[in-house]
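One chain, chain A, links the two complexes that follow: it is found with chain B in the first and with chain C in the second.
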Partner chain A sequence: METLIQVIVSGLTLGAMYAVGTIGLSLVWAALGMLNMAHGVLLAIGGYVSYTLATLWGLPPFLGLLASIVAGAIMGAALYYASVRRLNRHPAFEMNVIIATFGLSVAGENAILKIFGGYPYAQPFKAEGGFRLGGVHVPWHNLLIVGVAAVIMLVIAMVLSRTYTGRAIRATAQDREAARLMGVRVGAVFAQVLAIGGALAGLSGVLLSSITTLSPQVGFDPMLKAFIICVIAGLGNVAGALYMAFALGFFEAVIQFVIGVRFALPLMLLLVIVALIWRPYGVFGREDVSRL
Partner chain B sequence: MMARRDLIIGLVILAVAIALPFTGMSRYFVSQITLLFIWATVVTQWNLVLGVAGIFSLAQMAIFAFGGYSTAMIGLYLEWNLWAAMPISAAVSVIVGLLIGLACLRLTGAYVALLTLSISVALFVLIVTDTDCIRYEGAVCRSLTEGWRGLGRFGDFGFRDWLGGRDYLKGNYYLALVLLAIATAGSILVVRSRVGLAFKALRDNRLYAASRGVSRFKYQLLVFAYSAFFTGLAGSVYAGNFTVIGPNILQLPLLLLLLSMLVIGGSGTIWGPLAGSVLLMVIDEILKEGIIQEYRTLILGVLLALFVMYLPGGVVGTLEVGLARLLQRWRSWSGSSAGNLDGGGEGRA
Partner chain C sequence: MRGSRKTDSPVIPGPKSAGRRAFLKGSAVAGAGIAAASTGLLAKVNEGRAADGEPIPIGQGAMLSGWAAPDGIEFDRGQKMAIEEINAWGGILGRPLEQRVVDTKEGGPDLVIQAFRRLIDRDNVHAIMCGYNLATLEAEYDPIADAGIVYLHCNTSLAHHGWIQRDADRYFGCFMSDPSEYWYGGGYVQFLSALRDSGKWTPHNNKIAIVNGAQNYSIVIGNSVKENAPAYGFEINYEETVNIPISEWGPTLAKIRNDPPGAICITHYAPADLANFMLQFIPSPTPSLVYMQYGPSLAQFREIGKEAVEGVLYATVIAHLHDEIGQDFVRRYTEKWGAGSSPASGVQTYDQTHLWAISAAIAGGPGEPYDGEEQNRKVADWMRRLSYRGICGSYRFTENAGTHYPAQTNDPSLGLPHQFLQVQDYTQAPVLIAPEPYGVADFVLPPWLG
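Up next is the complex of A and B:
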């Protein structure tokens, strides 16, 4: 019984963490058709901004969290104006944007390493204490992450379905040319979506590094897991990605208890390969039908 | 005509490469150029998959690692000669390449990139966390892959006994050169053949290609197997050359360096990978000097992004387009050929 509760608690926490890390990535893919390999660095930037403000400058951790969100948004928009806008003119956009963001992400990681060093820090934004559930210690912080994940999902869903910006984003996602003809400023939508994705990454970076520790590579592993989740769910399917995040969170928690942490990623990959052979466009994805 | 041009370029490069060690260059440069040959072999093979067949695979270094680790393990555990280990390593790499090709068979674009990147990260994690003892050296526990430390003391290609301690590096140098020459010649033949046309057809429009009866199943597996063969051999030569092999070959900075070689040289062109390898090794060598070396990865990353943004054809691709345009302008100016309206030239060979 205790083991079961333990697995459920850690599965839920992992799932919420993955959901938080995945949602920005998935949104950017859905709206812009671009895979943002710099997502992991945006996560790290979020974590380090919070650390700088709260630990180094002694500001309240809550302000650090807000600053991380703002910094993530600025970096996301900067990514558009510095690189994506230019890449968008070339027909091989899908491949080139992966290469460019990969280069920028390795460069960004190196820059963080130069500024802060490789020493792992503790993230100041953290809820203390916890409660006992059937003999298992459940930290408040884990509940906070699950709660934040739920709130983000709701807010994003509201923005996408209820606001003008959300309609413009969905129109751009459906058909870029048609959206442009209807008067949507597609360039601005690109910048907005990357800014939202960056803001979400900044927030996730703080939450993720508060459970593990803060290091320049902190974003890479969550990004890879987010990729896997997006691929299984079908790239760009935000709701599907959230279900998958929790499913994989539980999957990983079970594997950790049964076989050991070491095999979590390889087994996840095996699952992905099997899933993709079964459904190449993702479990929740739709087959894309092309006209010649 | 094209084939003759490639032959001439290839022979000139080969002649220079054969002559280089006789110019009395330092041992350091001999070993750096040996490494250049190994990376260039990997990059020409990667170019077949990524540039020519248009499959965005990032698993090239995983295949390379399989080749290298097979050689090391055969040398260490079976105590075979490394020459005998080479064909087996190549076979292992081909099997791994085929499996990866099979796994990505139904995927396109970004999905392939994600899956193959995850495969190489998973391999890295498995090696680094490998701590189960399979044998003891005295009281020291040794695992199958020896984790972070990597494998060593599995022997070499025997050049040290044959050529002596002073010249054995040249033995490795020429071995790597032979591999690069065969791999490059082979990839040119493939690109210029009907099979190469099928690869390009699937890259440019896989639906049109399919409707013309080009089987994606057959050609995707073929390109993965073919490129895995030489990539695995390159891994094998790497292991024998350095006499150690570790998980560092699977880390991102090296992947970045090789991807930069491919993209900056000109992905999809014939001489781009080689030109890119030389260019990037020179840049890398310059970046190793003084204070700038700390920012080596940073500069490489930004350089790669800038190239994709402003010269997506790479150095060779851009030069080819530029040359074709110049030639066309000159022809229309001299009026010798009026019907030369094919435009653009061959951006991607």
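Up next is the complex of A and C:
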């Protein structure tokens, strides 16, 4: 029983980590049809902003968390005005933007390396302690991440379904030209979505680096997993991506326990291949894509 | 948990202490004498010249980014510090050394070869000193041999010996300044056995759980533990291999907790991953002595793990000793690079650079890449001929590799000691508990066993 609880707790932890790492990427992909390869570096920026404020400036870690959300939003909007806005006019936007954001990601990672160096740091924002469940220690911080993932999911769903901004985002996702003809300022929608995606990445960066450690590459592994999750869930399906994040988290924990830790990633990739053969548009995807 | 001063620490079976205090006193004097002789030797060969001649570029391929950056940064610092000192003594025959560094990121043969070719072809380096680079597969040996220069590393790899055995003449300049990882496994089991026999640790049972990293280095050590365990009355009850990075240890810990072993041996060595293991182990510990490979030598391990890492044992064959020479180095290093720096890593390139510089000066200076092979062969010959007492112990090469004490020599003055250390206070550097005669503190039962 204790073992089962441990595996569930590990699965939940991994799932929550994948979920918070995936939300920003999935939202941008769903709303704009844009694979943001700079998502990983936005995670890292969030982590370093929080670290700088809390450790170097001595501010309370909670303020550091808020600042990383704001910084992520600013970086997301800056991404639009510096790059995406120009690329958006070109017919090969979807391919060009992958290359452009990958380049920005490399530049961003090296900028962090230049400023902070490669030495990994402990993230000061962390919920300390935990409780025992059936003989298994459950850290509060892991539950915090699960809670944050759930809250973000609800907030995103409400914003998309009940606000003007959400309707504009959905309209842009469904048919950019039609949305423009109906008076939606598509450029502003792009900026808003990238700012929201950046804010989520900033928040996720703090939460993830508090479980692992803070380094310039902290966003790479979560982004790889987020990409896998988005593909297997069905491109542009935010809710599906979150369900899949938890499903893969549990899958990984079970494989680690039953077969061995080193088999988890290869088997996860095998699962992706099998799933895509079975459902080429993803588990939650449809051929006629209606994003969001 | 706070350590006590050593009275009678366990030893790796080998030479028994015949007047440890006398030996240390003697070696401190001899060590100071040798260190002085080394600097004096360099100064003498330099004949009082100032280092104002044509600069000699020397290189380093260091993992300055990626998960091994805590080590890479220290390797860079160690070499910088050595170069400053050497230049202050007149460089090599009046020629100052100039450092060239290339980031090898996560290591691997592709990145390391690119880095080495840039150092050789673009920067014209006359020698390369590195700490370790990950999983190079010794692919960098051929560019070194083609250029005919000297290269020192601490890859701690058994495969090095294979290259030298195959063609010692071609790879004359390839030196592994520490012993291979093979010795870790047997040394660990012997250490456990000695600890058990001394009565300072009563094992819960005779089982050992092994958690390997997914690199050759870790797997060779894990296999060596498996190979040696039965001879000392231990059995392996669990073996696992994990990838880098790993932050969630739940499934691994669940399996360990299902059949709690007397000892846990983790050969994976990423310090952040190891600290996370302890953070998740401590809330529900098993009655097991926890040993980790190398990673705890870095300050980052203690910064992340804090109280949770107190009691952890680890070993290294290439770190500063805790004697007079070692403490002096630690003081100078932390004064220069800050209290959060890790002299235990920086010392690797520090010692290498001094050893090479003295040999090069005696040989009449280093040769340029491609055109100076004959001269570099003289440098390599001197490196093999000298028994150099550095900060980590004595460098005396066997097949161009450092000599392990006590497995390859029973004379502690002729090898690099297999050091066992324990984190007894996370706010302080770990303490050296074995082998004789270098241990300076007693083993203390970890808090979860006390």
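We adopt the following convention: the second predicted complex is superposed on the first by the 285 of 292 C-alpha atoms of A that agree within 3 Å, B and C clash if a C-alpha of one lies under 4 Å from a C-alpha of the other, contacts with A are read in each partner's own complex, and residues count from 1 in each chain.
Here is the rule we go by: a contact is a pair of C-beta atoms (placed from the backbone, for glycine too) under 8 Å apart; a residue touches a chain by one contact, two chains touch by 3 or more.
If you're wondering where the values come from, they're calculated on a predicted model, not measured in any experiment.
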Joint occupancy of chain A by chain B and chain C, clash or fit: clash
Touched partner set for A:262, first chain B, second chain C, both or neither: both
Touched partner set for A:150, first chain B, second chain C, both or neither: neither
Partner chain(s) touched by A:127 [first = chain B, second = chain C, both, neither]: neither
Which of chain B and chain C A:13 touches, first, second, both or neither: second
Partner chain in contact with A:96 - chain B first, chain C second, else both or neither: first
Contacts of A:78 with chain B and chain C, given as first, second, both or neither: neither
Partner chain in contact with A:114 - chain B first, chain C second, else both or neither: first
Location of chain C clashes with chain B - one stretch out of 129-137, 183-191, 291-299 or 399-407: 129-137
Chain B and chain C contact sites that coincide on chain A, given as residue numbers: 261-262, 265
Residue numbers on chain A that touch chain C, as the complex places them: 2-3, 6-7, 9-10, 13-14, 17, 113, 117-122, 130, 135-137, 139, 211-213, 215-217, 221, 253, 256-257, 260-262, 265
Residues of chain C touching chain A in the complex: 63-67, 69-70, 72-73, 214, 240-243, 245-248, 250-255, 257-258, 272, 276, 280, 283-284, 300, 303-304
Complex interface listing, chain B residues touching chain A: 56, 103, 106-107, 109-111, 113-115, 117-119, 121-122, 125-126, 129, 207-208, 211, 252-253, 256, 259-260, 263, 294-295, 297-305, 308-310, 312
Chain A - residues contacting chain B, complex: 29, 35, 83, 86-87, 90, 92, 94-96, 98-111, 114, 224, 227-228, 230-231, 235, 261-262, 265-266, 269, 272-273, 276-277, 280, 290, 292
